[in-house]
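Below, subunit A partners subunit B and then partners subunit C, in two separate complexes.
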Partner chain A sequence: MSPAKPLTGPRGSFRRALSILARRRLARFGAAAIAVLLWLGTFADFFAADLPIIGVHHGETFFFANVTEPATLVVETEEEKRTSYEFALWPPVHHGPYVETDQRLKPPNREHPFGTDARGRDVFAQVVHGARTVLGLAFVCVALLVVLGTLAGALAGYFGGLLDLIVARLVETLTAFPAVVLVLAILALVARPSVAALVIALSLTRWTEVTRLVRAEVIRVSTQDYILAARALGASPLRILARHVFPNARAQAIVAGTFALSSTILVEASCDFLGFGLPSSAPTWGKVMAGLRDDGHAWWLFAFPGAVLFVTVISQNLLGEALRDALDPHRSVAAGHERDDDNAHRAAAENSSSSERESAIFQAAPRV
Partner chain B sequence: MSSEAPLLSVEGLCVAFRTERGAVRAVDDVSFSIFPGETLGIVGESGCGKSVTALSILRLLPTPPAQIEDGSLHFGGRDLRTLSERELEAVRGDEIAMVFQEPMTSLNPVHTVGAQIVEAIRLHRPDSRREARTRAISLLERVGIRDAATVVDAFPHELSGGMRQRVMIAMALSCEPKLLLADEPTTALDVTIQAQILDLLQSLRRSSHMAILLITHDLSVVEHHTDRVLVMYAGEVVESARVGDLFRRPAHPYTRALLASMPRLGGGKRRTRLPTIEGVVPGLGNLPKGCRFQERCGAVVESCRAERIPLTSFGTVEENRMVRCLRAEELAS
Partner chain C sequence: MLWAIPTLVGISLVVFLLTSLLPDPALEAGASTDGTTETATGAIADAPRLLRAEEARRLRFADLPNFINENPDDVRTRTQATLDAIAAGGPDGDLAELRLARIGGAALPTALPRLSSMTTEARRRVARALTPLAARMAVDPFALGVSPDDALKFWERFWQDHVMDFTPGASKRAVERLVRHGTELRAEELASLDTYALADLMDAIEATDRHDALLQLMKIVAKITNLAPPDEATTPQELEALRAQYTFFWYVHRTDYVPLEGLDRVVASVTETRYAKWTLGAFTGSLEMLEPTTKSGNSSPKVARRRAEGDLRHRLARRATVTLALIFLSLFGSHLVAIPLGVFAAARSGRRVDRLLSVVLFFIYSLPTFVIAAVFRGVSGGTVVAPVLALSLGAAATLSRYQRTALLEVLTTDYVRTARAKGASNLRALLVHALRNAVLPIIALAGVQVPQLLGGAFVVEEVWQIRGLGWETLRAIERRDVGWLVVVVCLTAVLATFALVGADLVQAALDPRARETFRRRGEA
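Our next item is the complex of A and B:
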């Protein structure tokens, strides 16, 4: 292990987890890749748009036309687009994700680095704009399912009894079905497909993992001495759950959420590929890949979005795994040495009462 | 002392645990009283029902499997057995507080000790967060923590066992309880720290006129830190007496055996083996008929095995002693 700064904070604390994460190369790679994707998605209009970032058109100057899309700049032909500006600062790719051209099914070239689809839309533009859709959708779903899963898991684990029985059996039942099948089944229940329905369907299929982990952790924490001690101080059950049990299970919820992010993205892409995914014109990676079903030779429709999807899922899983190890005191790389240190603290502190004070200050001891 | 009304009076307490092989009585017909400002010790081997007794007082045992089957728990005019969970929450930590055996695990690892003391205060007092924090620091000073202003922001893992137990005591004292239940408060600590913690408890008791129920398996702790003692064996009280009387003239064969197995400094022959009590405590599931100590007792006679031995008074009236032994008077003389 490389010489490093001391870890501080209690076992399982986030400060500590971050410092463990920071020294794992794969975790750093995962975090960096996700950051790049988020950045691409957020600023998609600056990488691919059919209007310039800054453009002078008939003597009038437009700033961020690619984002604001003023009506006067919308033109019909590629030729017109290229010639109608006195000055223009373009994004690297001069095409938006929606604009259809007569350049259909073209393999990657200078104009279209990732090629075009069957309707002449730029694949690169769809991939970067799709990152926004896909990640945005996944984050909304995960926020929803983490809240739902945590609540269900915490209440079931803490109060037990019938509630626990119902939640546990429900989780087991849902886990038995493939996610895509479940999404299909839930979508079949609603009259008209909508984005909200898809978000709810995705959340409902993926909350089980969060519930399972949080429930197990809550059951473990509930038997700890400090829970009994809190009851002895007169804390009510809900207060104990919120203030003493849940903070200890928070790490599990975060780890499960990270894994849920990648699995939600995969399920959503599968649904898009199969044609019952996001019911809007917004571009997604799955939709681009679906083009392969009609035009099997157009490898670029699959390769580029597929590669981005692969990197996304791998990065999130790497980050999730590292986060799990970092937050779990039993698996943590530093855990083995920590116990010895604790004992040293105790011995030193209890030899004389004056050194008890030192142990309070003696908190930044190297632990790796 | 006896002219005052008792603070807590436990009458005929029976606690059973439901197990796969039927209900098992962990505490069987236990009665005692604690008066304001006194320290009552409960001593006995592990599994004899000491902790279950303490936890039943605050009704902290998980039900099921545990259940208080019989008896009353009178505290300040109320029977704690009949209170609702809500009413109990108001008593816990405010009027009756508890200190546990394991300081290493009795503090929540995710909160600073200050936050935990502040919570203990604010559960029962209308103090603002700031006021409670000031009070938390002064409580930490009161339990002998130097540099309390730093320690208040420390996480439990940053403190030693002795410090943590001091923090636990500070939390227990935060609302100035009338009764402190101390369940083996020093068992997990080093000997030097044990003495400090016990001395601390005694000085706090004196300064605030608080009563203490001190549960321990350590007779030397009983000898130096309690006023009266209850000796428990296999769920029953076998002897109750004032400390001086108990050590001068133990009445029950079990107490006598316990005292004999206590190492003493100074007097006595050198290089003799300490006597031990042969055998093991009978399992609560298959208690013998009659005296529960019969298998390990040197003075057992036929009538000991016949039926349950009653708790009878022993010695003079003002000694106010009780013992559960048929041959107590005979053996003690």
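Our next item is the complex of A and C:
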């Protein structure tokens, strides 16, 4: 899209937000990087696998053998890999993330472009397949926490009273609570560490941001005339929430969700690095990086997954900041009457114990 | 400020729900493992396993209701329940006989007067159940006779003779005499009271610091319960660890031996619940004893040593000092760097330096602490400054970003323009007029930074193996030390809450407008 093209859609709408986003170089970069990572993760088996994508073995043809065929076809050495197929179309790296070879702690070389870890597993394969684990986990968590946070924020903001008080306190405490400590504590306290427990723990760390933003927006909207009109027409609270209040808070939820994505990935990686992360054999970036703690000289264990992690987080933060600016009608080119709106917002926020200071502080992803 | 208390209660509730309402592998294991059965005959063969499973449940307070105990069990209701089960007979009756023997002397004031109202068969079984008790009380086997009827007669006579001994005052005096004189005779006197004196014995154990008296008291307690006894070679330190085990046993089993009356009963309806027991246990550090500590259960030397090493509070103080030092050094350091940096960036806003600085700060801001720490560790090795630097770097990046924004906002205000119009130099307008207001929100941010830095300290301590709170907590997770975890979680919550409150107060002190707001809120 050429920069000269005018903005489309009404102020604050998604169409307009997207066209604002498309104008920003950094946002474009962020979106592209995330797209590439998602693509890498989804099609990880095309980049690194133990078995060929298409292989003819003893006259039999296999397609996507490493997905469709279990370990029966796996052979150990590079030599065997070359000879045991009449025809084979290999992915760029001939190693999957799970198979352990005797090539332990090898620095990057032709066969292992990112080197190998202490158990002889290919680091490149773990990074690529790790993208699937890490992003998948993060998206599940964020979906969960956005739903949870929006519900809590909308209900607390709309109904007020004791519910609002409890939610506000909870949000305040949890926001200030260090995420890594919270996740570690939950993982340690549940009887059996499981993936489900990790997902819940990660979701619990960042729903507060969604709730806070949605709640403030709902409080702002609830005092407006058209809500009063809807109530006068006899609409049920549920209908008012779903049809009239929530659409206003959607933008806030999306912005908070984007920041939560990078934050969740970081918390998960930190926990993995400390050795208390994902309790399954699935590869993650943090787990590979944790190898550095035992073998301090093996820089490749840290550098490559670290770089990917860094790019992921940077692009999500860039996208988040751009989205925040684009979706917020108060921030983008403020006109006269928008200012009044802003003041109403502030007054509403002031009334409800979430002060201006807070909203200024937590407008970005908290550091991990 | 007052919000800290309900918040803490809320957090303890959440942690409690997490730990107790999810399935506990230890409980399931206790219910299913087929232990080697020592008693071989018939229905009783299963009893040790059942009792062990029951003990495992009790150690986790799983036998108690969660929040309100309308009808707390005490020695009377428990004894009555065993008598009823014995009267009903069957396998449950066999189990009840074992239970009655375990309750021991404390059951006698309830059980013996009730014998006359029971059937002959049931009375015989009660008499049989009391045989191990008689052995503990060192009753002459000759007096007990051979047939159950003889034993029954003995117990009736015994009750007539000793009814005056089984009063709270008498047992208290007996324990006092033992502590003071410590003769064999006094020990025998107490032995005839069996578990009826347990409450007073436990009080004495907690109050006494004399090694010999403690040793003697514990030996008596070990004889009438199945706790591990001390021996002559026990060092004072080991004895201290053993005392902790005894105290925990009493914490779990007190109501097995003590009647609840009047006010006690009302209090017990709150305290004799899973939540109350668990919370109190966590805060007094008793939950560290979660492993069974009876004779049959093993208490490994390693565990004993750890317990002897120092109680929870002691360890907490030692570790927290290190971590808090780390945090506050970093907090100070990051402010020291961030404020000038933010001012510099704001002064040069829009120029190339500012743009470059923005990119660099954004990068550092996006780097997770563990990456910074690992890189610093690799570059600098084990110097003292490196951990603090690693921890400060991210915070400094965050703070200078905010400082820049805050200062830029203030620079557009009218009063700064007025100052410039009146002839103040750019530098003076910036540093004297604008910065005074722009630095306030950054100082308030310190409150938010403290808990964030605590999270970072966990990582930094692990990377450099610094023995602070984070390092200890990770070790606690490894050995599933629930007590430590609960305390750390609550401590973190306190720190988080107080840091926020503290930041508000600092801001109120520095900013007259905020002070005004506070006053208005206070009046409202």
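Going forward, the second predicted complex is superposed on the first by the 319 of 368 C-alpha atoms of A that agree within 3 Å, B and C clash if a C-alpha of one lies under 4 Å from a C-alpha of the other, contacts with A are read in each partner's own complex, and residues count from 1 in each chain.
Definition applied: a contact is a pair of C-beta atoms (placed from the backbone, for glycine too) under 8 Å apart; a residue touches a chain by one contact, two chains touch by 3 or more.
Predicted model only: the values in this text are computed from it and were never measured.
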item: Which superposed partner A:L309 touches (first subunit B, second subunit C, both, neither); value: second
item: Subunit B versus subunit C as contact partner of A:N248, first or second or both or neither; value: first
item: Touching partner for A:E172 - first (subunit B), second (subunit C), both, neither; value: second
item: Touching partner for A:Q224 - first (subunit B), second (subunit C), both, neither; value: first
item: A:R132 touches, of subunit B and subunit C: first, second, both or neither?; value: neither
item: First (subunit B), second (subunit C), both or neither touched by A:H57; value: neither
item: Subunit B versus subunit C as contact partner of A:L233, first or second or both or neither; value: first
item: First (subunit B), second (subunit C), both or neither touched by A:H95; value: neither
item: Those residues of subunit A which subunit B touches in one complex and subunit C touches in the other; value: 357, 360-361
item: Complex interface listing, subunit C residues touching subunit A; value: 3, 6-7, 10-11, 15, 18-19, 22-25, 362-363, 365-371, 374-375, 377-378, 394-395, 398, 402, 441, 444-445, 448, 451-452, 454-456, 458-459, 462-463, 473-474, 476-477, 480, 482, 485, 488-489, 492-493, 496-497, 499-500, 507
item: In the complex with subunit C, residue positions of subunit A that touch it; value: 169-170, 172-173, 176-182, 184-192, 262, 266, 269-270, 273-276, 289, 292-293, 296, 299, 302, 306, 309-310, 313-314, 317, 357, 360-361, 366-368
item: Subunit A-facing residues of subunit B, complex; value: 58, 60, 88-94, 97-98, 100, 102, 105-111, 119-120, 123-124, 144-147, 150-151, 154-163, 168, 171-172, 189-190, 192-193, 196
item: Of all residues in subunit A, those that touch subunit B in their complex; value: 9-13, 224-226, 228-236, 243-244, 247-248, 342, 345-346, 348-351, 353-354, 356-357, 359-363
